[in-house]
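Listed after this line are the structures, all set down as C-alpha cells.
Shared between the two complexes below is chain A, which has chain B as its partner in the first and chain C in the second.
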Partner chain A sequence: MTSPAKTELVTVNIDGKEIAVPKGTNVIEAARLVGVDVPHYCYHPKLSVVGNCRMCLVEMGMPAVDPATKAPVIDPATGRQKINWIPRPQIGCATNASPGLHIRTQTPQIKDCREGVMEFLLINHPLDCPICDQAGECKLQEQSTGYGRGYSRFVEQKNVKPKRTQLGPRVTLDDERCILCSRCIRFSKEIAKDDVLGFIDRGSYSTLTCYPGRKLENNYSLNTVDICPVGALTSTDFRFKMRVWFLKQTNSLDTESSVGANTVVWSREGVIYRITPRRNDEVNDTWMADSGRLLYKAVRAESRLVAKDSLAALLARAETILRLSPGLAAVVGSGQSSVEEQFMTRQLARALKAPAYLVSRTDSGDGILVSADRNPNVRGALVTGLIDALPQSYLDELGTAIDRGEVRTVVSVGEDLMAAGLSAAQLAKVSVIYLGTQVCASSVAGAVVIPTLTVFEKSGTMVNQQFRLQRFAKAVAGPVGAFDDLDVLARLITAAGGSAEPSDLAGVWGRLAADVPALRGLSYAAVPETGVVLDSSPWAALPFVEGESLHHRPARAVANA
Partner chain B sequence: MAVIPVERKPLTLAERTYIPQIVHGLKTTFRHLVAPNVTLEYPEQRPEIPGGYRGVPTLVRDPNGREKCVSCQLCEFVCPPKAIRITPGEIAADSAQAHVERAPQAFDIDMLRCIYCGLCQEVCPEEAIWLQTQYSMTGYTREEMVNHKDRLYELGGTLPDAHLKWDKKKAAEDAAAHGGHH
Partner chain C sequence: MPAPAQRRIIFQHIDEPGYTNDLACYLRHGGYSSLRKAVARKPEELIDEVKKSGLRGRGGAGFPCGVKWGLVDRKSGKPIYLVVNADESEPGTFKDRYIIHQDPHQLIEGIMITCFANNVKQAYIYIRGEFPEGARILEKAIAEARAGGFVGPNILGTGYGCEIYVHRGAGAYICGEETGLIESLEGKRPYPRIKPPYFPAVLGLYQCPTIVNNVETLCHVKTIVDIGGEAYSKIGTPNNTGTRILCVSGHVQRPGYYEYEVGKITLGELLNEVCGGPLPGRRFKAVIPGGSSAKILRFGERFKGKRKIGNDLVDYDWGVEDVPMDFDCLAMIGTMGGSGGVIVMDDSVDIVAALANINEFYAHESCGQCTPCREGSLWMKKISARMVHGEARTEDGALLKSVADQIAGRTICAFGEACSWPTQSFLAKFGDEFKAYPESRKSAAAPAVPLA
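For the complex of A and B:
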C-alpha cells in the first residue's frame, strides 16, 4: 500500500476568512474552499500552471516580521500583526498556500484588473454567441457578465483568423474565438502524450494550430473540447446539434473498459446528444476517452432489437423451451451487465441447475483510461458469485458440452455466442434464449429473443478494475418493445422453477446486501457518486489482464515493486 | 338571516302605457340609422393595424435575401407555452452564406400553443423573428396550425436591417484574404 500523503496544514486568510489547507495548495483551490470565486481561464486543476490568462489576479500579503529579529511587527492601530501587502496584483493560480498568506479578491484594484483583462480578451473575440456551441457553458460569457465592464470601447476592426478548421476527425477549431489559454496544448502534451497542438505567430496574430502534417486524432482529443473555456474547440459530432441549456445531465459510467470512467450523459426528451467526463479524482480525473463518448449511438442504432410480441408471450415461449429439456441448460452471463443483472443471472443459473459462463473481451490497453479488459464489469461477476475464475475469450467448454449433448438450451444474457466461439453447427443443436439490445448472430439464431435495455436506459452499478463499485443512472427511457433486464431475469427465474426474485433495483439490492459478502450493508442509494472500494482480497490471486493506467496499478505490479 | 321586506312601488300611468319607453328605444334606433358605421365588413374589410401590434410570429430575411435566423434556440428557450421547436443545422461550407455557419434545419411554431407574448422577438439576438400584423390563423387540423419554416418565411418576408453584421464580417474576411487587416 502507498503511504498516505503528507498533509501539513497551513492557515491562510482569504477575503477575511481563515482556512487551513494543505501546504502548497493553489490559491484558486483554497478560495474555492471558502466559497470565494477566483475567475480563471488557463488554470486547470489537472494540468500544469502557466499563468498566461491573467484573469486570476489577486492581492497578496504576508504577515510582517522585523528583518533583523524576525519578531512579528504589530500594527498599533489594530493590535494585530501587520500585513505587508504587495502593491501589485499577483496571479492566484501560481500562488501556493504558505503560513499566514493573506489574499484579497474584492478590492477596487482587483476589480479594475479583471475588467481590464476581460476587455483585452474580448477585443478580438467575435462575440458570435448565437452561433457558438459553447454558449451556455462558456467561461467567457460567464465571466464577462460577472467581472467585465459591460460595454466595449473597441471601435477598430477585429482580427480575422481561420474558422471551421478540422483539427482532427472529431474536433473543429474556430481560431477567432480562442483566447490563447493553452489548456488544450498542455492537455495534449501532459495527459494524452500526443504533442500536436501549439501556437504560431506573435502578439494578436497568435493562432492555435496543429503541427504541420499532424492531426489531433488521438483517442483523447475530445477532452480538449471539454476543457476549452470558450467555443474555440468544439466537438464535430455535437456541432450545432442542441443547446446545452436544454440538456438534462445524468451521471453514468463509461462501459468501454474496466476503467469505469465516470461520465455525464446529456439528453433532451429521451434523446442523448453527448457524453462528457465527470470528475472523479480516484478514477479518471476529469478525462475520458473519445471512444467512450460514442457509445450512446447504440441506443438509436439501426441494429437495435425491439420486440413485436408482448413480454408475456416471449416468456411463455422461453418457459416452454426451458421445460423441454430440464437439467440440460447453460447460462452465459456478461461482463457488460450490471452487478444486479449478474446476480440475477447467477440466480437463474442456480434455478436451472446450469453452469454459468462469462466471455472475456480483451484488447491492448492504452495506459490511460482504456484498459486491456474491455468488459466493464468482470469483477462484478466475481463479486456476485456468477463466476469464480476469470472468463475465457471463447466458450470452448460450452461448445464441447453442446457437442456431447449435455446442453440443449443456452440462455445468453447479452453475449453473442457466435462471436464467443460457438460454431453455427453447435448453435443449431441448441435452443437459444437471447437477451440483448443489438441484432447479432445469436439473436438471429435465437429461438426466443427478448430485447432489453442499454446502459443509458436503466440504473445499476458496476465494479471497475480497482474493485470500485460505481453507480450509473437511467438517462432516457427505453424504446417500446425493449424490456427491463431485471424484470426479464426475475420472470425467467420463475419460469425456470426458481423461487420468486425481486424485479426492481431496490429489491435486488436487498437480496445483494443479504447474499453477497462483499456488498453486505450496502444499498444502491448508499453508493457515493465517486464509488466505494470493495474488499478485493478474495480475488487477489487472480491474474487480471489490466496493465497500469491513470489511477490503477495492478496488484502484481504493486507486489513486484 | 334577517329577512328585509322590500316595498314595491306601484307603476305610474306613463309607465303602465309603455309609450315613453318605446319612444326612447326608437330614438336610439333612428340615431344609429343615420350615424356613421362603427363596424367593419370583415373579412372583406380589414382593420388598420396599429404600430407595435403583436401578430403571428414570423421569420424574416434581410434585404439581401439571407435568412436571418441562425437557430440559436433562445426563442425556443424563452417561449412560455413551448410553442417553438427548432432543429439546428449547419450551412454547407460551399454556400454563399458559409460564414454564418448555422441556420435552422427545421423551425416550427405551434400556433395552437402560441400566446402572442412577443418574448421570442424580444430575445432574438439576430432580429430574425418578428410578430408582425398577421392576426388570423385558421386550419382544419392541428397539423395545419403548425407553421413550418417555409410558411414562417412566407409570412415574414423581408425587413430592413440596420446592422448587416454578417455582411461586415464577410467583408472583413475578404479583406484579410486579400492582404488587408489580418
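For the complex of A and C:
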C-alpha cells in the first residue's frame, strides 16, 4: 500500500468557524468538516465538477491586502483583517480552499438563492412523491424541506416528458422527475467508461436519453440509480417493491470477486429487497457492480437447501461416515467462506488428519470492481492456514487420490465437487458430506447434506485482494432447516475426534487472535467499517491472478513500474 | 446641431459600388498592407499597439482587447488558439454578417495579424450555422489568401505559418458564449464552462490557452496596426476608442447599420437625424440600445448623476435622446452598449407582447445546463405568453420580476443576465403597463388584420 502524499493544509473560515483542510478541498467538503451543510445536487465527491445545479451557492471572500504594500487591511470596526466579499454568490463545489478563504452560507442572499433554485427545480417536477420510489431518500424532498419556501407560485402547465424509458435491462427512467444534474452521464463516462448517456433538446425541455442505438447495459448501470438525487433513474428490479423507510440497513460485502466492494443490504421482516454500495474510499469509492446486487436472490431461490431432519440427526450420520474410513478423508474448503469458517475448516482437516483443498474460481477482471479472482476470500484461506498455495483450477489432485482409493470420504464446505472438476464416477466412489446453501450435484449425490447459511444470514469477515480484512453482518435470519456454518463445523470437528472448538463468532475470534499470526490481537468488533489491511508479506511471492482495478495495483505491476 | 458624419473604417467599402469580396479587389484597395507591416515587427510590439489603442471588444461585453491578450497563458508550452466569434446571434445585431459577406479579407487580415502577434498557429472562425453563404465566402476567401501567401505556411516569406479553419455553428444562440462556443467547436453540446477554472486564456479550446475575439474587433486590430495604437486611441472618446457599428432596427424611418466614432453621437441624433425619426404619426416609446439582452430605455425618463470627463466630475442630466452611444455612458444609465443592436419601439407597441417575444427567444435558446436559467427563462416565457393570450393577472408583473431576480448573477454564464435583464428592465420602466394589462386586454379591440 502506498501512503497518500502529504498535502499542504490551509485554514479557511466557514460561517465563522476556522478549520484547516488540505489545499484544494472544495467548500462543500470543507463545510462538511465543520458541520455546515452546503446543499447540492450535481456535485458528487467521486465525479468531475460541473456546477450546473446552482444549489451550492455561497458567499465567498478573501482577506483584504493593500495592493501596493501587500500589507493586511485592518477593519477599524473589528480590529481584524478586512474581508473583501465577492458580491455575486459563488458555487461551493468549484471553489477550492485557499489560505484565508472566507465562506458565508447563512446570509439572506444565500437563503434567497437556495429558495430560488428549489422553486425552479420544482416547477416542472411532477411532485409525485406518493408513488415515487425515491421518496424517503430523495435530495429534492430533503432540500425542499430544508431550504425551500414551502409554497409554489407556478400556475402554468408543466413540461411533459417520457415517463418510463427503459434505458437498459436494469434501469428505468422517468424524465419528468429528472433535474438534469448530469451525474449519471458523468458516471457512465468517467467511472464505467461506457459513454452512453446524454441530453437531447435544450432548455427546460432537455431530456436524458441513451445515444441512438445504444443501451445503458454495462455492469455498473445501477450506480446511476444510486447517485440519481431524485427518482428519475430507478432500478427496474426494486421499482415499486418497497418504501425505503421501512427497510433495515445492514453493512455487508459484495462476494462476487476478491475486490470485496462494501455494500449495504436493505431488508424488511427477514426479506432482502436490494443491495447498494457503501462508500469506502480505499476499496470501491461509492460504486459496485450490478452483478453483485443480484446475489441476494440466492436467499430465497427455488434451489435453496433446507433440511427436514434435525442437525443432531444429520451430524450423527456424518459421524458414522467419518468413523467408517478413518484416515481416508479429504476436506474441500471454499474461497467463498468467511475467514472464521476457513479457520474452522482447517481445524476440521487437522482433526481428520486429512488434506485440505480449495476450489479456484477465475475469470477475466473488468478493471473496475470485478476482479479476475471470483472467490471473495482466497486470501482468508491463506491467512488462516487452510491452504499454503494458491488453489488450482480443478480438484485434479483429489480426483487422482480418489481413483487410487486414498480418499473415501470428502467433506465439502460449500463447494460443488462436480463443478470443481470431479467426475460422476469419482463422486460415486466416495461418501460426500456436503455443507451448502443450494441444490447441486454434490448435494444430490451427498451421503449427508447439511444446509447452511448464505452470506446475508450470518456475520463474519473476508480478506480482499488488498489483504484488507473486512466485516459483513447478518441482515436476515436463515430459513428453518438451515444451520449456522460455525456451529456445524464445530460439531463436525468434535465428531471427527478433534478437541472442542467454539461455535460462535466471538469464540472463533478468540482462537483466530491467538492462533493466526496475521490476525494477532484483533477481534471481530475491532475491525473498522472500512476494514484493516493485514501484513501480506508472507504471501508476497504468490502469483495472484488479479489485474489492476480501482484502488488496487497488483504487487507485480507495482514492481514493474 | 446636426448629427456628426459617419466615420466608416470597418465598413469603408461595405455597399460600395464595384467593390467585390475577392482578393484582387481587396489588394487593389491596399489590402494586406497592414499584415506586411505587422510581420516586419515584433509580436510584442503589436500587442503593445493594441493595448495602447484602448480597443474594447465589440462582441457585447466591451472587455479591453489588449488586456484579454495579456491574460493568455504563454508559459504552458501548449499551443495558443485564436477563435473568431462569428456566431452573430444577438437579436438586433447585424454587423459581422456584412463584413463577412462583403469584405471577408479584411477579417482574414485582422485574424492573421492577431495570430502573428500572439504566436497562434491555428485559428478557427466559428460562424453562425444560419450563415451558410458567409461560410462559403470565407472558405473561398481563405483559399485565395492561402494562394496569395497571406494564410498558411510561410506567410509573406517570413517563415511564420498559420492556418485558418471555418467551422459552421450548431444553430444555437448559446454557441456565441465564448466557452459554449469552445465546447461546440470541440464537437460537444455548447454547455458553457464554469469559470473558474475554465478561463479560455488558460484552459480554452482543447484545454489550451485560447483567445476568443469578435469579428468586428479583429477588423479593428487590422486598423490599429495600420495607423498605430496611439492614432487609433484618438478616434472616439477616452476609454471608448475607435468606431462602432450601430445596427438600428424597428420603428424608425431608415433602419440600417451606421458606423460612428464611439461616444461622438447621441442616441437622439442617431434615431432622429440619422435614422429619420419615428414613422409618420408615431412617437418613440422605448429603445433597447445594445441587442435584445440590454436593458430597455423608456423615452421620457431622465438620468442624473456625475460622470468623469478628464479629471473632472461633471453633472449630467440626460433624457434618452441625450445619451452618448459609448460603453461607459450606456453602462452609467443602467443598460449597455452590448453588441450595437439598437432596437426601437414606437407607441404602437404592446410592451407586454414585446417582452413575451423576447422571453420566447431566451426560453428557446437557454442551453438547459444550469437550473436558474433553464427553468426561469421558460417560466418567464410561459407567464408573459399567458398574459398576452388573455389570462393576465395583476400580480404577474411582480412575479415576472421576482423570477428574473432569481436568475441574474446565479448562473454559469452571462445568459442568466441576458434573459433576465429584459424582464427586469421592462418591469422597472413599464411596470404600470404590466399592472394595467389585465384590464386593458378586456377592453382592447381585436388587433387589425394587416393589409398585404
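Here is the rule we use: the second predicted complex is superposed on the first by the 557 of 561 C-alpha atoms of A that agree within 3 Å, B and C clash if a C-alpha of one lies under 4 Å from a C-alpha of the other, contacts with A are read in each partner's own complex, and residues count from 1 in each chain.
Here is the rule we go by: a contact is a pair of C-beta atoms (placed from the backbone, for glycine too) under 8 Å apart; a residue touches a chain by one contact, two chains touch by 3 or more.
The structure presented is a predicted model; accordingly, all values stated were derived computationally and were not measured.
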Exercise for the section: Considering only touches as defined above, state whether A:Pro89 meets chain B (first), chain C (second), both or neither. Expected result: second
Problem - Residues of chain A touched, compared between chain B and chain C (which is higher) - result: C
Practice task
Report for A:Met242: first if it touches chain B alone, second if chain C alone, otherwise both or neither.
Solution key: first
Exercise for the section: Please work out whether A:Phe199 is in contact with chain B alone, chain C alone, both, or neither, and reply first, second, both or neither. Expected result: second
Exercise for the section: Examine A:Arg164 and indicate which partner it touches, taking first as chain B and second as chain C; both and neither are also allowed. Expected result: first
Exercise for the section: Examine A:Arg556 and indicate which partner it touches, taking first as chain B and second as chain C; both and neither are also allowed. Expected result: neither
Problem - Which superposed partner A:Val50 touches (first chain B, second chain C, both, neither) - result: second
Practice task
Kindly classify A:Pro130 by the partners it touches after superposition: chain B alone (first), chain C alone (second), both, or neither?
Solution key: first
Exercise for the section: Would you check which partner chain A:Lys297 touches, where first means chain B only, second means chain C only, and both and neither mean what they say? Expected result: neither
Exercise for the section: Using the superposition on chain A described above, determine whether A:Cys113 touches chain B (first), chain C (second), both, or neither. Expected result: second
Completion exercise
chain A contact set shared between chain B and chain C covers 157, 159, 204-205
Handout entry: Residues of chain A that touch chain C when the two form their complex
Key = 49-55, 57, 88-89, 91, 94, 112-113, 116-117, 119-121, 123-124, 153-154, 156-157, 159, 179-180, 198-199, 201-206
Practice task
Provide the residue numbers of chain C that touch chain A in the complex, in ascending order.
Solution key: 172, 189, 191, 194, 196-197, 363-372, 374-379, 382-383, 386, 399, 402, 406-407, 409-412
Handout entry: Contact footprint of chain B on chain A as seen in their complex
Key = 126, 129-131, 135, 157-160, 163-164, 204-205, 239-243, 245-246
Practice task
Going by the contact rule at the top, pick out the chain B residues touching chain A in the complex.
Solution key: 70-74, 76-77, 88-90, 93, 98-102, 125-126, 169, 172-173, 175-176, 181-182
